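One structure is given below, encoded as structure tokens.
Each chain gets a letter, A, B, C, D, E and F, in the order it is written, and its residues are counted from 1.
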Amino acid sequence: MSKLIVSLSPHQFGSNSVKKLMFGVLIALLPTLFVSVWYFGLGAITIIVTSVLSAVFFEYVFNRFLLKKPSTISDGSAALTGLLLAFNLPSNLPVWLVIIGAFFAIVVAKISFGGIGNNIFNPALAGRVFLLISWPVQMTSWPEPSPLSKHLLGYTDVTTGATPLGILSEGLRSGESATKLISQVPDYLQLFMGNAGGSIGEVGAAAILIGLVYMLMKKIISWHIPVSILGTVAVFTGILWFANPDKFADPLFHLLSGGIMLGAVFMATDYVTSPMSKRGMLIYGVGIGLLTVVIRVWGAFPEGVSFAILIMNAFVPLINMYIKPKRFGKNKR
Amino acid sequence: MEYILIIISAIFVNNVVLSRFLGLCPFFGVSKQVETAAGMGGAVVFVMTVATIVTYLLQKYILISFNIEYMQTITFILVIAALVQLVEIILKKVSPSLYQALGIFLPLITTNCAVLGVAIIAVQTEGYDLIKSTVFAIASAIGFALSLVIFAGLREQLELADVPEGMKGVPIAFITAGLLALAFMGFSGIA
Amino acid sequence: MAQRESTFVNMVVVLFLVSAIAATALAFVYQATKEPILKSKLEKKKRAIKNVVNDFDNNPIEEMFKIPVEGGDSVECYPAKKDGKIVGYAVKTFSKKGFSGLITVMVGFDPDGHIHKTAVLEHHETPGLGDKMQRNKSNFSKQFDNMDVPDIPDKDNDGIIIEVKKDNGTVDAITAATITSRAFCDATERAYNAFKKIKK
Amino acid sequence: MLKTFPKGGIHPPENKITADKETVTLPIPKQVIIPVSQHIGAPAKVIVKKNDKVKTGQMIAQSNGFVSACIHSSVSGTVFKVDNIPDAGGYKRLAVVINVEGDEWLDNIDRSEDIIKEINSDKNEILKKIQDAGVVGLGGATFPTHVKLLPPKSMKPEVLIINGAECEPYLTADHRLMLEKSEELLIGIKILMKALSVNKAVIGIENNKSDAINKLETLSENYDNISVAALKTKYPQGGEKQLIKAVTGKEVPSGELPVKVGAVVQNVGTVFAVYEAVQKNKPLIDRIVTVTGKYLSNPGNFKVRIGTSVKELINTAGGLPENTGKIISGGPMMGRALITDNTGITKGTSGILILSEQESKRRSLKPCIRCAKCVEVCPMGLEPFFLMALSRKTLFEKTENEGIFDCIECGSCSYICPSDRPLLDFIRLSKKEVALIRKAKRIK
Amino acid sequence: MNKLKIFTKGFFSENAVFVMLLGLCPTLGTTTSAINGLGMGLATTFVLVMSNIVVSLVKKQIPDKVRIPAFIVIIASFVTIVELTMQAYIPDLYDVLGLFIPLIVVNCLILGRAEAFASKNNIINSVLDGLGMGLGFSMALTMLGAVREILGSGSVFNIKIYEGDGALVFVLAPGAFIVLGYLIAFVNRLQKRKNI
Amino acid sequence: MNDVITATIITVSSVGLAAAVILYWASQKFKVFEDPRIDDVEKELPAANCGGCGLPGCRNFAEACVKTDNLDDMFCPVGGNETMAKVAKVLGREVHEKDKQVAVVKCNGAPQFRKKINEYDGVKNCTIVANFYSGDTACQYGCLGFGECVDACNFDAMFMDPHTGLPVVLENKCTACGACVEVCPKDIIELRPTGKKSRRIFVSCVNQDRGGTAKKACSVACTGCSLCLKECKYDAIKIENFLSYIDPHKCVLCRKCVSVCPTDAIWEVNFPARKLKPEENSVKLKTIKRG
């Protein structure tokens, strides 16, 4: 027998690991990946591959050579950030913009704060919003979706159209009625399946919901954040719609179009940038829902999920500070 | 409705700190702890409101009637400086604990460009009337306090994070502020 | 010399003196710069006019007149003359259809109804998108140079001539900023309608 | 519906490999080392000296103060020395070393196997007997039992809860005791009820020990006011506060004694010791210890005299395996790693667990990803990640408000952490530092 | 402290922007391009030097309780002078810098120097201090402006460097914060090197 | 003078006047007394806020200095006598000169002298480890080697020697603030007077075990053999619990004890090198160099 090992209790550990969690999310993203490749073809593939590779590359280079820390790429978090960033981009974005976006996401929003676990804002969304503000033209021209066979080889030269939310927002501004505008966009079944213009990964509510179910089953995330976000959006837009269906779109349209599904299920639930307590998660979710609707309905941008999540990210420390889990043996004041 | 627009615009869309670049010194100086930040925010709300009302009256009834608007800067700042010092003296007596907490930053409210900036914007750039100016001042100050408190929360969390050596302290605070401003750009176009 | 004590008299006297001296000094500076400031302000306005019409030698600002337009508003019109002869009109027009807030545009007309040039005076459009209507940021506004408005057919017969292609007009909209492009057209149209009134 | 505490908890693999092994009595060793501090509180005062002859059950150290317990010789023989001997942690502490000669017991101890049902002693006698027998909490906390039976006057106990949860993986000592000494346990409970003047007792048992539940449920029908509560298998079900919450639904307020909500908790081992002390006059000189581990050739439950060396016990269980990494006194979640096997079994040793080298090595720490799993599993509603972060940045004062003293050190947070962070280590550090700060403040 | 050091410290060891974090509002607000940054910097320098002179002249005459109001009046006078002069002779720059010209008054840098240096030192030192600090400030502003201009609109001092659009964010508020953050980190790094 | 100038002067002056009057009134009405000397004292302090004086910060120390009647108990270890003299001058009081002190590490148990008997696997923090067990060697008194003292030092005056695994104090940087002494859970670090010409002699061990046990645990431990006690003619050495202690105030630095110590547990610092026989172990050489 060699020297005995001593350490403080506990002496037994669970089989959880960061790697497992991250790859769990990656698996949950597979249906969405499939839908996006189906509708956006080569463009989607190009963007996704570029984004994931450059995210992993930046993570590796900056961690190793600038921070002199052990590389963390094996835990899959950089790949996940890259994939999520790609899902938030239009499929005809020039490659160099994708690389810049990945750089901003990984280096500015993540590594500058100390790498995984220390960042305050969701890196993928920070990258996306950075691109959106910096190159609004490229970021707001959306290719028309069509089944895979049609434009397998199309990338930047595909025909572009508008997102359902874009059509709505623009139309409302020029004084048209919401009901009429909604009739111009693909019907709800099409939206649900993903046959609509938009970012690579945000179309196809069905695929995202499959991912959600998978993550809930694997206990990777809890229901609190997605449900509170989607619920708030439904209720808030429902009230507006009820008040004036001519000026506001119905809740189902809001839920199925734009990035709300992707945001609620995959972006807002990012561990690092969401609150720690269940009650905090609910507040966070409600906040995201409210802000999303406010920006969509009254703001300049047709879509507000990214901004809403980033803004609520900033509130997370305050939520954590004041919304604590209920302590055992402590009465509620 | 107009007031609501002014309020939303001042708090979110044209947030004094994140969009207009006013009041940055206290924004970075007094944002290490949420509680102090909240105290500072409260002080600014008070000072900014009173300062805007006083300078509005000054502009309307003295400067304009004597046709000497060019003296705006000097009279405004004089009034604000006196006002802040007054608050300081009173606070020292009435609430020593708050005085301690705000420390040297109370005199710095004088040099908080947000106070002067908001006063000038209210009476000159936007040309609001008295009530609108007051609403605008309160909303702007709330916007300031809000961003200050959020930022303090972020910095308290960053204290516990493993920020790389070179980025520690001020640099990361700036980057956080930048990302916060990026997020707040989502509000653009609301008002 | 020791620091003065903070007695009542000292405080009041010093602050009073400082203020008084500062005020006096400033008053003189103000006197001295008053004229140049007025002049430079005038120059600026003139320059804006100069940008959109042919060369002139009068002072259009003094000859400015207002033309009522639909909706109870009015636009300012600056006649530009050379040797007493009208060489063009600069119309300061606006549109409320912009993305965020009012857009003010100066539109210059040649006497025959051609648009000479346009210049954006004020706007709050989204940077990178809407602000491309500015001359130095994209070619959008150059479409309007020498535009022969009377000759443009009203394709959809809605009474509006200057329209983006999406609305059956002739103007190429700024990429991803149709609303701003529409607003710009709206402002130009308003100016043209006002101009038509002068011609009558 | 099985009873349990509502928030937190984990499900570590149970690994109860010795659950079916009947208790075996270990032969008397050649030498025993009996430390005088085997309990929480003041060390006992030694009353024997070198070369004194002692008999089994004879008191060798007297309780010294209110919170303290007597120590008895577990063997008969000669006192070899009274000296500072390294304890399980390597620090030298006073202990009595006795060389064994024969097995001569004190006369008044009833060594028969007969079960005595009649309780003849009155309340004060019971307490006296328990105190004299040196009974302490055998669940691991080793708090002197007689002190626990004398709650502050302002609080009235209403219910006695018997802790048979044994939520630690591997350990089966309590399980075996409940099966093999069921009748004695119930009598012991009656004694304790009399001592506390309560008329309700509940035995809480995790439902992975259904045989024990069944047996005790059947037997308890013969006893008034004693019932059995089946509990959900969830760690740390056996934590005092968690058990009270599960059984009575009441939460012990932070920083208060359990009796504040009218509950007194005793471990089944303690109850059996109380039975022996009161009915048989037998002091606490032996206990059941589970010796277990995946690589041990003959794991089992052993009845061991206090002071027997761990080495001897392991040898009986098949000897130390080649790949041993850790010897743990207690269970894998809250037990203590020993620095040597050359140390004695004490009153608080509920098990000896041998882990292989591979099982013992901790995985290297990775950054916290704020997944909040630790918050989810903390049975006390704390935020372990936050406590660790504060502790790491030496902001100890702040941890006090975050409830650092509520931590029961169950280790659930460290267990669950996907980033393998030593959360509990840092919480312990902070606890220690905060205690120092508090002390310094009191001095000022 | 020798005169050279008083002058040079404003550039590096006590640079207002990078080290002392003073005068951040104009630093971020006016540096959308290098030329704007330079203009603002020079305007500030003028006010700083002039007010330093006056403050060091009258420092003894001013009772403590009204020190700050008095200093501010002095500073404000010079700011108004700058404001009026700019309006008269360089109206274009005045329009760009806009609100930030009157706000020079509340630039912590100026009051800070008046309080911390000029009120304790003689005129020559105060001038040197003001000049050094002001030029250091201008340097920082120009640098920041240049970086933002390059990244944001692809040019520097209005000279095009690369074709196409820059990252617009750098012309806007968020970019200002981010660029300054990295610049400070960079300066910190340089200083650390020097110390070792 | 025209109207504008008159108006300007009148307006601004009256605003100034009003401000002055109001401020004066307020400052009288809401006066708070605070001893101005606190500020003066604070200015003299080093502003390190190290807490070495036992108070939470320099401001508090200044307050305490102003309040107390006797400055003898007040000492700023960072600024030293010089600072205290200045403080005394500000307050118009006398101050008692204190010996300058330096921290010394009283453990010599490098790995080659004491064998590891087990392996610790956990958070590398002395306090946690000491609270949990005695350490990974048989010496329960010795340095744990996780460097909490180094972390506690505000002045970069300590580092861990990678060869010995023991902390080393840099004499010229040490301010004797006592932070390391406080933080060491094994009480190994002591503040001792720097001594004449910075020369000092001390027992570099805290092992209180009986000779045999101590020697077994660590070959350079003090065994309490009392050879030094017998050698010392100045009554400077005491032995308690099998551990020798040299009283720095009585020691005359004759170095006799150093040479008689059989385990080399006594260190001499900053003495000129003496001619050492080659076979004598190298530790002593190192100690002389290290200081």
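By our rule, contacts are C-beta pairs under 8 Å (C-beta built on N, C-alpha and C of every residue); 3 or more make two chains touch, one makes a residue touch a chain.
Bear in mind that the values here come from a model prediction, so they are computed numbers and not experimental data.
In summary, the chains found to touch both subunit B and subunit D are A, F. The chains that touch subunit E as well as subunit F are A, B, C.
Relative to subunit E, the most remote chain by averaged C-alpha coordinates is D. Averaging C-alpha coordinates per chain and comparing to subunit B, the farthest chain turns out to be D.
Per-chain CA centroids place subunit C at a distance of 72 Å from subunit F. Per-chain Cα centroids separate subunit A from subunit B by 33 Å. Put simply, the C-alpha centre of subunit D and that of subunit E have 69 angstrom between them. Inter-chain centre distance (subunit D to subunit F, centres taken as mean C-alpha positions): 42 Å.
Among the residues of subunit B, those in touch with two or more other chains are 68, 70-71, 74, 78, 81-82, 85, 162, 167, 172, 175, 179, 182, 185, 188-189. Among all residues of subunit A, those that touch two or more other chains are 4-8, 108, 114-115, 117-118, 130, 133-137, 300, 320. Each of residues 339-340, 360-362, 367, 386, 422, 425, 428 in subunit D touches at least two other chains. Screening every pair of chains for touch gives A-B, A-C, A-D, A-E, A-F, B-C, B-D, B-E, B-F, C-E, C-F, D-F, E-F. Those residues of subunit B that touch subunit F in the shared complex are 58, 62-63, 66-68, 71, 74-75, 78-79, 81-82, 85-86, 89-90, 92-94, 96.
Taken in their complex, subunit A has these residues touching subunit E: 100, 108, 130, 133-137. Within the complex formed with subunit C, the residues of subunit F that make contact are 2, 4-5, 8-9, 11-13, 15-17, 19-21, 23-24, 27.
Of all residues in subunit C, only 97, 99-100, 126, 128-129, 175-176, 178-179, 182 touch subunit A in the complex they form. On subunit B, the positions that touch subunit A within their shared complex are 34, 149-150, 153-154, 156-158, 161-164, 167, 172, 175-176, 179-180, 182-190.
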